[in-house]
Amino acid sequence: MKSEDIPNSGRTEVLVQALPYIQRYQGKTIVVKYGGNAMINEELKTAVIEDVILMACVGIRVVLVHGGGPEIEAMLKKTGKESRFVNGLRYTDEETMEIVQMVLCGKVNKDITSLIEQAGGKAIGLCGIDGAMLKARRITTQDLGFVGEIDEVDVSVLNTVLDSGAIPVVSSVAYGIGDDEGHALNINADIAAAKIASAVGAEKLVLMTDVQGILRNVQDPLSLVKSASLEELEQMKKDGILSKGMIPKADCCGLALKGGVKQATIIDGRVPHALLVELFTDEGIGTMLFAEN
Amino acid sequence: MKSEDIPNSGRTEVLVQALPYIQRYQGKTIVVKYGGNAMINEELKTAVIEDVILMACVGIRVVLVHGGGPEIEAMLKKTGKESRFVNGLRYTDEETMEIVQMVLCGKVNKDITSLIEQAGGKAIGLCGIDGAMLKARRITTQDLGFVGEIDEVDVSVLNTVLDSGAIPVVSSVAYGIGDDEGHALNINADIAAAKIASAVGAEKLVLMTDVQGILRNVQDPLSLVKSASLEELEQMKKDGILSKGMIPKADCCGLALKGGVKQATIIDGRVPHALLVELFTDEGIGTMLFAEN
Amino acid sequence: MKSEDIPNSGRTEVLVQALPYIQRYQGKTIVVKYGGNAMINEELKTAVIEDVILMACVGIRVVLVHGGGPEIEAMLKKTGKESRFVNGLRYTDEETMEIVQMVLCGKVNKDITSLIEQAGGKAIGLCGIDGAMLKARRITTQDLGFVGEIDEVDVSVLNTVLDSGAIPVVSSVAYGIGDDEGHALNINADIAAAKIASAVGAEKLVLMTDVQGILRNVQDPLSLVKSASLEELEQMKKDGILSKGMIPKADCCGLALKGGVKQATIIDGRVPHALLVELFTDEGIGTMLFAEN
Amino acid sequence: MKSEDIPNSGRTEVLVQALPYIQRYQGKTIVVKYGGNAMINEELKTAVIEDVILMACVGIRVVLVHGGGPEIEAMLKKTGKESRFVNGLRYTDEETMEIVQMVLCGKVNKDITSLIEQAGGKAIGLCGIDGAMLKARRITTQDLGFVGEIDEVDVSVLNTVLDSGAIPVVSSVAYGIGDDEGHALNINADIAAAKIASAVGAEKLVLMTDVQGILRNVQDPLSLVKSASLEELEQMKKDGILSKGMIPKADCCGLALKGGVKQATIIDGRVPHALLVELFTDEGIGTMLFAEN
Amino acid sequence: MKSEDIPNSGRTEVLVQALPYIQRYQGKTIVVKYGGNAMINEELKTAVIEDVILMACVGIRVVLVHGGGPEIEAMLKKTGKESRFVNGLRYTDEETMEIVQMVLCGKVNKDITSLIEQAGGKAIGLCGIDGAMLKARRITTQDLGFVGEIDEVDVSVLNTVLDSGAIPVVSSVAYGIGDDEGHALNINADIAAAKIASAVGAEKLVLMTDVQGILRNVQDPLSLVKSASLEELEQMKKDGILSKGMIPKADCCGLALKGGVKQATIIDGRVPHALLVELFTDEGIGTMLFAEN
Amino acid sequence: MKSEDIPNSGRTEVLVQALPYIQRYQGKTIVVKYGGNAMINEELKTAVIEDVILMACVGIRVVLVHGGGPEIEAMLKKTGKESRFVNGLRYTDEETMEIVQMVLCGKVNKDITSLIEQAGGKAIGLCGIDGAMLKARRITTQDLGFVGEIDEVDVSVLNTVLDSGAIPVVSSVAYGIGDDEGHALNINADIAAAKIASAVGAEKLVLMTDVQGILRNVQDPLSLVKSASLEELEQMKKDGILSKGMIPKADCCGLALKGGVKQATIIDGRVPHALLVELFTDEGIGTMLFAEN
């Protein structure tokens, strides 16, 4: 069905049906982890930008956190950088970290910022180094080079930007503390989003992925779990229901919920305007996880 | 076509298409003159309330001005009040004015306020006496009793209410000055809306009527004038194109435009959600009049 | 003794003697329940308005709450409405409630507001529906129709108005919640004043009545109780000293004191400028009740 | 007539009659030059302090400027300082200036400040040196030592104090600029008050003197000029009507009026509560001078 | 070594080395007790003023508290006032108190204020009477006349002045409460500084003295105690290490530390720019006392 | 001479001599164009960061604008990008622009930001895309690809950052408007700094270069022009005194001066702490240009 086939009566009804959702989220903070196909496919990209601006327009304080795996990959290749692997994981040496920082903070971040500006929104591109917003230490479970885990989130810069009416776009690059004082550290963007959501007291964390959500049977699209409590999520994990790829996403949602975020939703970024469907319609989309009471 | 038949893809598209309109009106003031069938028919009433709350939700500063002819009529009849007519116009004597004030400020105004609160909005019911917001003198062209014309609009109370995030609902009863110091005066609600729109520096005045808009040929619904400049409007008036009933509406729009309001639109209040169609779709509805910039 | 006989030396002394009282109440909130003869007699009315403006002028945050029994009575008669009685109490059916709302919110409220404006003050007329300030449920002890008791007072609108420097004038009509969502409910004005006083953290509640205050012997004007603690009040009630008409007034004061208001005074509204005498002279007037420290 | 003979009805009438005056001056600035008998006689002193606090209480921004001739005289005598005279005027040498500064800023100023605090007001004692509020240069018409005339008034400190709700009490000692950079200079308190009144945009300057006001015939108390325009004042001066002692007072008022102050009143400080009589009664007191519209 | 011999490279290095100290104290409050030789010697005086302005310039909230023994002495002598002694302590009778107040508040205070203004700073001279900032009662351990001890510090005036960007200069004259309501009382300036430091939540109290600091052996300048905890200080006192003159200074520091001040330093005011050395260099100067943890 | 050889007396004298300069610039905005050797040499880099933090510490609103030629060069080489030249100027094609953006906004900008954070300052890294701060159009004088000239500077983001107490670090990458809507454009960093200085109403623009300043005789270091008015500058240009490399720097200063900036100084970035020498010493450094007032 094409949009131009919808008569005005249908259009206004759609707008009116969005009203209770707008009332619910107004003045609240929602952290969106932007990634996957929605960051590659041009049409999806445009849709996400529109969604984010619409959210900001109706008074939601949106924080957009992004990674950028494919772009990093491409640039590493372009510069002829050979990667070293440790237990199958890429080792982030000095030179790789430099590329990661350049690509994420200089390319991906500013391109998203520009898209928001082009669509009439107001955005400011930041990374964890700005105002030392994301303070991290190297992970110690294994030596992966300049890969960090967040120790502390300083929300003052985010609040300055949100209060000024702009959308902060945040790259997952952290400011090293401890032995790596001031050195940039590569961090997982999903976890960065979850940590930021907790720190700013977000109402909701939305993870954009390339899957439908949590499926009870990964082969059966109809087995989608529409919502689950944190407790139920942990039971599913124990029961081995979560697919291997889903486990880190689910853990990330759990992290946010335990940090005080009310809801964490895994949505299918391959569906255009999945954000709006999730936020402004009855059905929502994907799997919504919530803290008990 | 029923709303539940619209798939999510259609719904999100509708929301996205509203975005540029939201961006355009955000932070601006729109004065809506509420009246006619849209104030009588229950379904239309609900729709107007939803529209107004949605407007407030997306950051528009809405002022709702209302009259209430039929309710006044009914109460006059109920109290057995005999009306005196002067040149075919009802004479507003002391007792009639008392009824007018009671019905408008006490019944119609608070009922609209209650409807907005019920639908999750925030509203405060006011009249021209509050803060002496609408200062008026008796009209002098003919003796119609306590009928006034606005001398000055003091916008401080309106701004206090708007700044607090509430929707001011305003009855067309004024505070008399001069020889009628402090006496309530009956004023025309359309003109009150136009004067308020000028005083608050509104972006747009919307007059809800029971007609389609300005028709070049009153018999032909297809002859609707979609938009016209103030100059063109005056030409149409000279050319005798405006129907007798339309002339005061058109004059009222002219008053607003001359007072600095950018647009004044005559919309068909019989169409559900006419306000949303006018504000948030490409086509709009009714006749839009604009000042030559 | 006539005012013009007071020499300047006497006048200035009076002003100076008011000083400690002004210093005491400055910046504090005082809720005045306005009613009885003081609302009917023209001279008394003028005096109350002057008193209230003077209070506002010296920096007291005044809230004026009013009922309007006689005006409601008159309008019911005018419209030929036959009243039904239940155990001797008038039953507030739909039609009666409509009249109550119209008369209180549309007539009495706006007339008081206009008087304050005429005397150079700034006032805004409100009722419990505005901003759903007074949320009430039907009383359940007996079926009296649309008669409610206050469940919750939302002081945000009152504070917005007080902060803007205006005097809120409040009608005792509430916004129904629960089974009567959004329906107007008739509430007792004394109790509304007491509940508002508690909610805004008032320093003092003043009830204007048509009696001298609490008399130990209702026949003997010299038996006036000048002040009593909440405990003493309750003892007097137990001892059967309170007259039948005084009991609800006394209970209402008790309600305010238990709700954190420091003083509640029953004053004689038949005395011109009783408010000023109570607030700005040593002797005060009527019966002052206070919470034990 | 004694104050305790005034019944409550008289008292409240007095308060109510003050209302329009309070409304008129609220939020405005009034500069009072305090001096003469009113600074010596204990009863008068108490009355002035009460008046000033009452003024502040009703929202007037009061600035109290004082000199202190007799106290300076006494201290000079005590320290055995021989005065040198130039054309009959005392020469302010280094040592004399030191005494002047000590007595005015350390004794008189702080004593007045203390009196205001004792009476429940809030005051801060300042002189022209604080924040270099009064910048002056030595007068050049004749050599009188460290006697200055004000070059510039920096109102920022005064506004800080007034905005904090306190009454600034100001000694007529200035901060020297030019050749006397930083040296204290003795300045005329009347002129200091006039200059301050202009600089802060005062509504009114009140000069407390030991005479009734301007008399057409200095022998005849009934010849008091109740009010006069600046033009009329200048005519009286030309006509030789002003007494020798009155001329500098009148000139000082003229200075204020030309500097934008609306009214300048010469009042009789020997009358208790002359300030209140002037500000809060119909008749006023003394001679009120005003700028032609 | 002369300043002009320091090349730019040295100069900038000095500035840069001050940076961490500036960062440490920025936005914090430091109370300086100004006294001794630094208040007499012209060169030292100039240096203190420069230091204080520099402190204010880099964002430190400086409060300057001063006494003025020698000036009081001189004025007493000048006026021929005979002093009465009680147990070797001067008795502050009415007349003496008057001199004390005049000299401290009128002479010393305003002279310091003027010096700060001359050097381009902004200062406001105050005493404990202003805003009744220092409320005191007569000491009762022995009858010394109008000598008080501070009962309460009201910091509102100090904060108003500091927030306006000016340096408050405070004389050690208090506002009497209790039996001496409103009477000026003479108070010890060191203790006033300590009490003020506690009340404003100062980071540091600095006492300017005419000795090097605490010496383990009063004969040996090399025995200077560079820093000590409150506990260590008390041990030294018990061990009889503190000289008789040092005991009150040490007690005063203890008072501040117990009142929540982080550090209290006794510095040698005879060293030019001792304040800057203490605050902005590694070594510091004098004896720094600190509260444990 | 080594810093540790400077005694405390010298150190404090240096600090005190900086005082008038601090007073002069406090609260003012200074835009520093950072570039050349000072951005490459590690010791110089550290010195610049210290200088900038010190400036911020004493209340100067510092904006740091940077380019990054050498880093861009290196990355282009690394990625094997062949450059095309037009009239000897590098052509910025799509791929080159991508590298420029990545290196400036992602690498150089965030590295400077990190250095400031490491040294205890607070910084936020931005480029012209953020909040569309620098809006530019392609230059049209010749086709150099994505090279722009600034059309408009939107200072709202800069002011938000400065008001929050942070130092904005700005990359010279602009947001394209017109035919290149939203495309990143490469802009000259010197000119960006000059345009920003005008837009924010800066007191001073400082251009860090690798030369001494303007030399009358480029061979003779002693021929340095210490200061010149805009008029004199233009005369020198006409007279052919300016070296080829100096002309664009001089023009850039002229641009700022014509745009309302009071001073524009060309300093020698090869001198450690040149910024402090320029701002906080009598002699200053380099060539200071000023607008004729």
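We just call them A, B, C, D, E and F in the order they show up, numbering each chain from 1.
The rule is short, and it goes like this: contacts are C-beta pairs under 8 Å (C-beta built on N, C-alpha and C of every residue); 3 or more make two chains touch, one makes a residue touch a chain.
Note that the structure is predicted; figures quoted are calculated from it, not measured.
S.K.: If each hop has to land on a touching chain, what is the smallest number of hops from subunit D to subunit F?
M.R.: 2
S.K.: Where the contacts of subunit A and subunit D overlap, which chains show up?
M.R.: none
S.K.: Between D-E, E-F or C-D, which repeats the contact pattern of A-F in over half of its pairs?
M.R.: D-E
S.K.: Once you find the CA centre of subunit B and the CA centre of subunit C, what distance in Å lies between them?
M.R.: Going by mean C-alpha positions, subunit B sits 36 Å from subunit C.
S.K.: Distance between subunit B and subunit E based on Cα centroids, please, to the nearest Å.
M.R.: 68
S.K.: Among line, ring, star, complete and other, which one matches the pattern of chain touches?
M.R.: Shape = ring; chains linked end to end, path closes on itself.
S.K.: Enumerate the contact residues on subunit A facing subunit F in the complex.
M.R.: 75, 78-80, 98, 101-107, 109-110, 113-115, 117-118, 122-127, 129-132, 156-157, 160-161, 164, 166, 173, 175, 181-184
S.K.: For the complex, give me every residue of subunit D touching subunit C.
M.R.: Checking each residue of subunit D against subunit C gives 1, 3, 6-20, 22-23, 26, 47, 50-51, 53-54, 57-59, 120, 272-273, 276-277, 280-281, 283, 285.
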